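Structures follow.
The same chain A turns up in both complexes below, where it pairs with chain B and then with chain C.
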Partner chain A sequence: MKEEIFISGRNIPHIDPHLSIWEFPISLYLFLGGLSAGILLFSAFTHLLNKDEELKGTSKWAPLIVPFALAIGLLALIIDLGNPLYSWKLYTTIRLESPMSWGAWVLLIVTPLSILWVFSDLRKLFPKLDYTKLPFLFKVEDFCVKYKKQMALALIPLTIILGIYTGILLSAFNARPLWNNAILGPLFLVSGLSTAAATIILFAKSAHERHLFSKIDVLLIVIELGLIIHLIMGYYAGNEMQVEAVKILVGGDLTTLFFGFFVALGLLLPLVLEVFELMGYKVPVVVPAILIIVSGLIFRVLMVEAGQITRILY
Partner chain B sequence: MVIDTLKCVGCSDCVVACQTENDVPTGYCRDWVTESVTGTYPEVDIELRSERCNHCDNAPCVRTCPTEASHIIEGGIVLVDRDLCIGCGACIESCPYDARYRHPDLGVVDKCTFCVHRVKKGQDPACVSVCPTNCMYFGDLDDSNSKVAQLLAERKYKVLDKEAGTSPNVYYLI
Partner chain C sequence: MMDIKSDKQHTYWNPYLGGFLLGLILIMTFFLTGRGLGASGAAKAIVTQTVHTVAPTHAENNAYYADQFLGGKVPISNWLVFEVIGVVAGAFISGSLSGRVFFRVQHSPKITARKRLWFALLGGALFGFGAQFAKGCTSGAALSGMTVLSLGGYIAMLSIFGGAFLFAYFFRKLWL
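And now, the complex of A and B:
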């Protein structure tokens, strides 16, 4: 038996008894980053496959929320900094070893690209928009339309990096055994794509589009469930610290949240509902879509919180 | 730095000296004393350790810092450049020793500096100089004639969280 205590009265805010340096704003940012990456990825693919008109919800409507989602995410990220006014110092260097560094750079490219991406179709969606008082906007629009294919080609790798980065940001810390799992990157990417597909279902303009994204979402949820099994197995196959860390999700304080709210209500139930809907049963598609989106956020809150409770034992 | 756990009595003088020397904000500390008890009563073994930033050779805080604020200076001391630190917390998350915190007034990340301002003048860090049992030693491990190098050559020692692969530079004599 071994027990350790601080006898010099250490009780540092946000550090003791366990870390709580990263809180809800970070989880929100990871969620919105993954969601935005997913929507842009689907939208870029739709454009490259020349399905813009067939899948209007994907190509035009859903991307409308992306610049706002990224702006809120970035704002949350900056609020969470200790020194928000110095956040520009992220862009004075590129450090490939630091996921936060290259993540910040990718965001710097994707955010304006998402605005241009939306802008290229804005007048088609809102015909009453009039740029005559700001004529340079016509030029911007021409530019966006002319280079839309190039933008789509750039967005595909960039959004995949953005989606996967939200997970790698956490898995890069070997001091937090629950995060230090290589599956976390792919899992966050797939979870982000799944929430994006669910959002697109809400924006879908035809039954065909809705069904297509229901099918895509079913596939993504199945992959996600597989990755979660892989994640849990990874902890059990790991060292003592990881076996200890996973107890928080399996049998510990956050079990109900993880298995009850995330896995059961957020993945299995919507999976069943979407399969039923595809089989022809009448299911309001809003229900599985919202469950998936909310559970995506719960998952990130849960992982950010749980990871900081786990630590290396010495 | 070498700390003799057999001589430490856990008085926490090192903690107070550091807080005073470095103007550490109230309620915060850059070093602390851990009491580690192993065994079952009556067969128990108590180890006292004055702990702080381990100034690792392979420092995860330096690796994960997005702005190069966390850096290693010549001689091996890990420091935070307050002009570059944005207070993102990546280094705090990456430290297996939980040796860092956000300064409540400045927003930047703060931690033990091995009293680099004193070391540059040829003095020992405040914690070392104040220790009433002389259980702490500070010096150049690359110099085989230094007290710290000799202690490590003669005595049994350990480092904390060896498994984390950080190559820490605070050694505990056991």
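And now, the complex of A and C:
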């Protein structure tokens, strides 16, 4: 690609010959955002269905990591900014047509909600916790417990927005043909839910809970595979730019990462292993669960990188 | 629930049948892909790609790595990488079906698990060097070579197993 600089006489670092502005922190943030959204969504549903005690891993244990995941994700996001100190300016406006604005506001609500959500059950998980020196914490706890149902009702739409926005954020870029695909939003949502289900499997407190989430995960992986087929078909049915863009995933530089590591090792293999586990074969569930979680991160790294390489043809 | 054999001793295939099927797979590989199997080639591709990510100019100018970039090729897109991914996936599926997937370190009762792992690392590293000097490992040089009646393949196979047979005496205490 260097000859392009020579021919065009342009030398614009990070923009020409292709964008290289968004790096690993962005992918990490998109991954952690999707994962957190998924865990909170499952946890909120569990609470609304009155299955808190039956599914302790889902309702209480897995959400423990959410505030940390969101904090790390947001930190990564801010580190990646050119002018981190101006990030507060996102909160001086609401722009309904901007996915970035949606994301910023949703995160502003979901992050504290996730902390309150975890706090409501914290003493049940760690009975030795003592708030006597900070008595106002009892009041906060009472508040959290009292309004838990309302929090769950709020979390369901908010986490769906959070999960889907991570994909829409990319697909809203008209100038990047690989990102500009309507399937990306739903795909990121389903992938986030799938990594969340895999994380819950790791936290599951009973065989019943583990099997339930294995089943949910199998379903999510099948949907994800369907969406991936649509994604690829969408590129081929698209304009010349998109046909050109998809070459990076099919027979190009990132084919091994996409089909080998993401689709084969991250979706198909865990799908087969989880189905075996449900059929009664002895499979250590950490294997498919970790494959799904790692491949979720690989998928986001891949899409962020690949999208920046593809461009409008001229 | 399926009936799963609890006696793990008998869940392995007959080695002769396994070897015969491996031979058939080799022939199929030649038929489908036009080349033989390989394992160390995948490791080489991954190493080359990693080096290229960190130091692109060095990788492209280094004699050892350079041939993997010929004709604008991407090292990690080598089909051997896909093959090895398939081997890992297939091994897990096969192990799950026979209920043998769990965490353990197999070692002689006379040595510790830690010692076994250190020697495995050492042995693996030596084998990696050997495979690169010989331009192929047991699968890439010996098996695939023998399938096409290459003299080099036979020499490689005899040397690998002959060498192992000779050195086994000195390291027998790691196992017996």
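Rule of thumb we're sticking to: the second predicted complex is superposed on the first by the 305 of 314 C-alpha atoms of A that agree within 3 Å, B and C clash if a C-alpha of one lies under 4 Å from a C-alpha of the other, contacts with A are read in each partner's own complex, and residues count from 1 in each chain.
Just so we're on the same page, contacts are C-beta pairs under 8 Å (C-beta built on N, C-alpha and C of every residue); 3 or more make two chains touch, one makes a residue touch a chain.
Remember, predicted model here, so these are calculated numbers, not experimental data.
The superposition on chain A brings chain B alongside chain C with room for both. In the overlay built on the shared chain, the residue A:L273 is in contact with chain C alone; chain B does not reach it. One geometric descriptor of the composite model is the angle centred on chain A: between the Cα centres of chain B and chain C it reads 100 degrees, in steps of 10. Residue contacts after overlaying the shared chain place A:F119 against neither chain B nor chain C.
Once the two complexes are laid over each other on the shared chain, residue contacts for A:V283 go to chain C alone; chain B is not touched.
By the touch criterion stated above, A:T256 is placed in contact with chain C alone, chain B being left untouched. Between chain B and chain C, B touches the greater number of residues of chain A.
Once both complexes are placed on a shared chain A, the shortest Cα to Cα gap between chain B and chain C comes to 22 Å.
On chain A, the patch touched by chain B and the patch touched by chain C do not overlap at any residue. Every residue of chain B that touches chain A in the complex is listed here, in rising order: 10, 12, 15, 27-29, 31-40, 48, 60, 63-69, 84-90, 92-96, 98, 100-104, 106-109, 160-161, 163-165. The touching residues of chain A, counted against chain B in their complex, run 1-16, 19, 21-22, 80-84, 86-87, 89-90, 92-93, 95, 97-101, 104, 172-176, 239, 241, 308, 311-312, 314.
Chain C makes touch with chain A in their complex at residues 1-2, 4, 74, 76-77, 81-82, 85-86, 88-89, 92-93, 96-97, 99, 101-103. Against chain C, in their complex, chain A makes its touches with residues 252-253, 255-257, 259-261, 264-265, 268-269, 272-273, 276-277, 279-284, 287.
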